[in-house]
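What follows is a structure written as structure tokens; I'll ask about it next.
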Amino acid sequence: MTTHCIAINNIQRIGDSHAFPLDQWYVAGFSSELGDKPIARTFLNQKVVLFRTGEGQVAALEDRCCHRSLPLSCGTVEGAGVRCGYHGMLYAPSGQCIEIPGQERIPAKARVKAYAVVEKNQIIWIWMPKTEGAEPTKSAPDYPHHDDPLYKFGSGNYHYNAPWQLIHDNLLDLSHLGYVHLKTIGGNARLHMNAEMNVTQEGEQVRVVRLMPGSTPPPTYKAAWPFGDTCDRWQEIEFDLSHLRIWTGAVEPGTDAIDDPHRGGFHMRGFHGITPETATTCHYFWSMASNKHPDMPENIDEVVRQTAFTFDEDRLVIEAQYRNMLEFGEQAKWLDIHVDVGANRARRIVSKLLEQQQATDMAAA
Amino acid sequence: MTTHCIAINNIQRIGDSHAFPLDQWYVAGFSSELGDKPIARTFLNQKVVLFRTGEGQVAALEDRCCHRSLPLSCGTVEGAGVRCGYHGMLYAPSGQCIEIPGQERIPAKARVKAYAVVEKNQIIWIWMPKTEGAEPTKSAPDYPHHDDPLYKFGSGNYHYNAPWQLIHDNLLDLSHLGYVHLKTIGGNARLHMNAEMNVTQEGEQVRVVRLMPGSTPPPTYKAAWPFGDTCDRWQEIEFDLSHLRIWTGAVEPGTDAIDDPHRGGFHMRGFHGITPETATTCHYFWSMASNKHPDMPENIDEVVRQTAFTFDEDRLVIEAQYRNMLEFGEQAKWLDIHVDVGANRARRIVSKLLEQQQATDMAAA
Amino acid sequence: MTTHCIAINNIQRIGDSHAFPLDQWYVAGFSSELGDKPIARTFLNQKVVLFRTGEGQVAALEDRCCHRSLPLSCGTVEGAGVRCGYHGMLYAPSGQCIEIPGQERIPAKARVKAYAVVEKNQIIWIWMPKTEGAEPTKSAPDYPHHDDPLYKFGSGNYHYNAPWQLIHDNLLDLSHLGYVHLKTIGGNARLHMNAEMNVTQEGEQVRVVRLMPGSTPPPTYKAAWPFGDTCDRWQEIEFDLSHLRIWTGAVEPGTDAIDDPHRGGFHMRGFHGITPETATTCHYFWSMASNKHPDMPENIDEVVRQTAFTFDEDRLVIEAQYRNMLEFGEQAKWLDIHVDVGANRARRIVSKLLEQQQATDMAAA
């Protein structure tokens, strides 16, 4: 046992994906990330190599050559697939090996697992099936704002040493802005904490709305829009299993109603794709889109830079939180306060999906 | 099991303090360390946040907000306490939460564990109770030399990747000076090894005295005092569970008797607070005080600099020793030699305290 | 269990060597490495300190002072042995302590394990016995090319975070050159993969020969020898348990036969001593010797530099391979292809030696 522990020191054992909701689309990355090199990523305990073939097709395969286990992500992308960097075996997007240099016969077993992937709205979605090789049973989510001429956007991704649901918690309660993000999108802590939070749920979606008229415009807002001393600010958060959409912004007081979806003013539309890597780590793929004020210079780059900074502040907090959770162990319970309603709804949705899945797994066994 | 091992990789699980002597004062730090930021430290497997409130009170709390587990040491110090950096809950030195922003009612459960602390002689002492919340049953130790006008002192602290008792061993036998510390306080190895060592014990205190007349003054001594080729040197070491006091120095030959507590000459008074962090790591809080020769320039800064260098040499040796102990495992026994008498006494005192404690624990169970 | 796991975090527990073939000579290093400092190395789970006494004798002892467990490799080399850097105990090459400063009597138990070592052809060989203290039952291997005036050589050593047999696999099939080493000794991938491979075995030796007439001379060859567009190239690999000898080179087409051991042309003679460190790590001691063309400047330094670069490319591939093996676990099987014949022979030899050893161990138990 000890020996085994040593052997896997610092290594995440890959394998079972059933600790996560399956038969779901998850975000695998952004279109802009797929250049001429394969990318190694682990999703739900599955090691995957992502690549775009020379012929333009996006593909996702098990990241392990079936010959001697070198990651295929150490290889090279060619017109027809990805070639292993050790002895040159070539794999098609289907997972089938289509060339073994120096050997005529290609055994049927010379293949690796393939995943269904879809490229849509400049996002790469991967289908994580309950049964290996099963086809997707629904369409990948839409996110039209990446293609909407009203907005420009930038994106990034952060690796988290923390389980994915801690990011859900963070995003479903933006009252932390006044404590964590004072340099960018923070604003007035007390106003945030005291604003009424409206939480609704429809099926497996949770929606949290907080309206803050008479708010102090935070630095990021002031840099992008000619606000005065106050603004009427809104936060609309929509949770879906694989990602959250957060629409925030503000209008000048006395102009549009802040609960009118056709309101004007400054808009920030955040996309937050959170994909479990392992039980204790995850990927956070984010984009931020905003609109430009007609009389102010284009500043999407600055908005994205500040967003990257802000999301990194969250990462520091969440990783410190998780480290502390590990150190104190399970007996250290959480005390709920008023801001936790939305996050707790999302947790119940994930729990229910997992319970259903386990029930089916057991029935099948 | 494997999964669990991975999850806690590089993480020290916090919890049981009963592997260490309890109902004892331990050193938590020096007064000079407590500025306007909280400090995170682990003592006897308990994660603690230390801070001085804006009102000047030193406090020590469990380092975990009861809401969502962020370390309170990631927060900020205010007049009345420490405020969590995630959602702003404010805690008083008593451990009670005294504000939840945006929520009127504060549940009684909104509190964290508090530790008794005392600030005395510019040292912060923390009481580690056997029963959670129990009051100290004795006074914190005195160390008047920090406040004695004859001396100036400087202090530091080192984190050790080694169990605390290896530092006791090191300090209770200074014969290693001739091998480890030739650049500073070393001196003549053979003279050290051959000098008679007088070991006495009174209750839970051990005293080791070694007198070395006709010794070669080492570099640190020569830099501080106008010694000639030889000096009469003494080493007096007093072990207490939580700290050692080491009084070393030398007089010019033919002046004072080296076993007279009122002797003149050059004096170095070392304070060595050794506080277990976990079973395998510890804190080493040290200070060094020395007196000034009337005809030589003030050089306490140089004495402290050389002390810091010397104690770092010890750290390298002790960490290498412990690493080797781990690698060779328990079957690699130690062979005692003549210099080990004092250290072995101290080990017996710690063992006896732990045995008594376990007996009481079992009787209570 | 959990606690134990933490304690040994990042630590390789030292101990049983029976997971490796014993009663064998292994490479411990090169003569050029042994200067005036002791060297700490672990072979087959045994921590060893290597040193050359002031009197010139090469010695290998257990790397742990029997007093307080400091590694002897933290000490200093003297005329008669190695002195511990903590309290000064001095050990002879026999492992016996021959001085305890300040103590007259030296207990018989004051000794550490000693290993038989031989220095031969500028290589240090260490005998890893099945029974502690048993004498070698055969001579250390010869490697005369280090002393052959036809060649000059340079050497290096790499530490591998991978088990030793993955390097055997790599060296016994040079078809990876066309994928991994294009910048130095690569050449034409398809020519390599399609060349006939001749594998023979004699006792516990495996020999792999591949002849590639009409090959493209790779960069390292062109820098050392005035080849034109093609050359007739050979690769002769000899596997022994403790090391491989690889004789590669090329002649100009139409001159000597490439399977004639007296052929001329450009020669590279690689020595590859692979010594297990632990079950999951190993040492790779290599040297590269080559001959000089009469009309070209001496370039052994450049050959060695390119060799070091090439072998580092292998290390990156093999460590990535092993990491992936750990992550995918044992259920991820390997599919053999045509190039694996030699490597599989070597694996069977090692397996057979281990089976025999286990049988003897069990009979003895």
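Letters are used for the chains, namely A, B and C, taken in the order the chains are written, and counting of residues starts over at 1 for each.
We take it that a contact is a pair of C-beta atoms (placed from the backbone, for glycine too) under 8 Å apart; a residue touches a chain by one contact, two chains touch by 3 or more.
Computed from a predicted model, the values in this text were never measured in an experiment.
Engineer: Tell me the angle, as a multiple of 5 degrees, of the rotation that maps chain A onto chain B over the C-alpha atoms.
Structural biologist: A turn of 120 degrees brings the C-alpha atoms of chain A onto chain B.
Engineer: Shared numbers divided by all numbers used: is that above or below half for chain A and chain C, i.e. same or different?
Structural biologist: Since fewer than half of the residue numbers are used by both chains, the interface counts as different.
Engineer: Could you work out how far the Cα centre of chain A sits from that of chain C, in whole Å?
Structural biologist: That gives a centre separation of 46 Å.
Engineer: If I count partner chains per residue in chain C, which residues reach a count of at least 2?
Structural biologist: 1, 5, 8-13
Engineer: What part of chain B is in contact with chain A in the complex they form?
Structural biologist: 1-3, 5-15, 47, 63-64, 66-71, 74, 84-89, 100-103, 107, 109-110
Engineer: Going by the contact rule set out above, which residues of chain B touch chain C in the complex?
Structural biologist: Answer in residue numbers: 1, 4-5, 8-13, 169, 173, 175-176, 178-180, 189-190, 192-194, 279-280, 317, 320-321, 323-329, 332-339.
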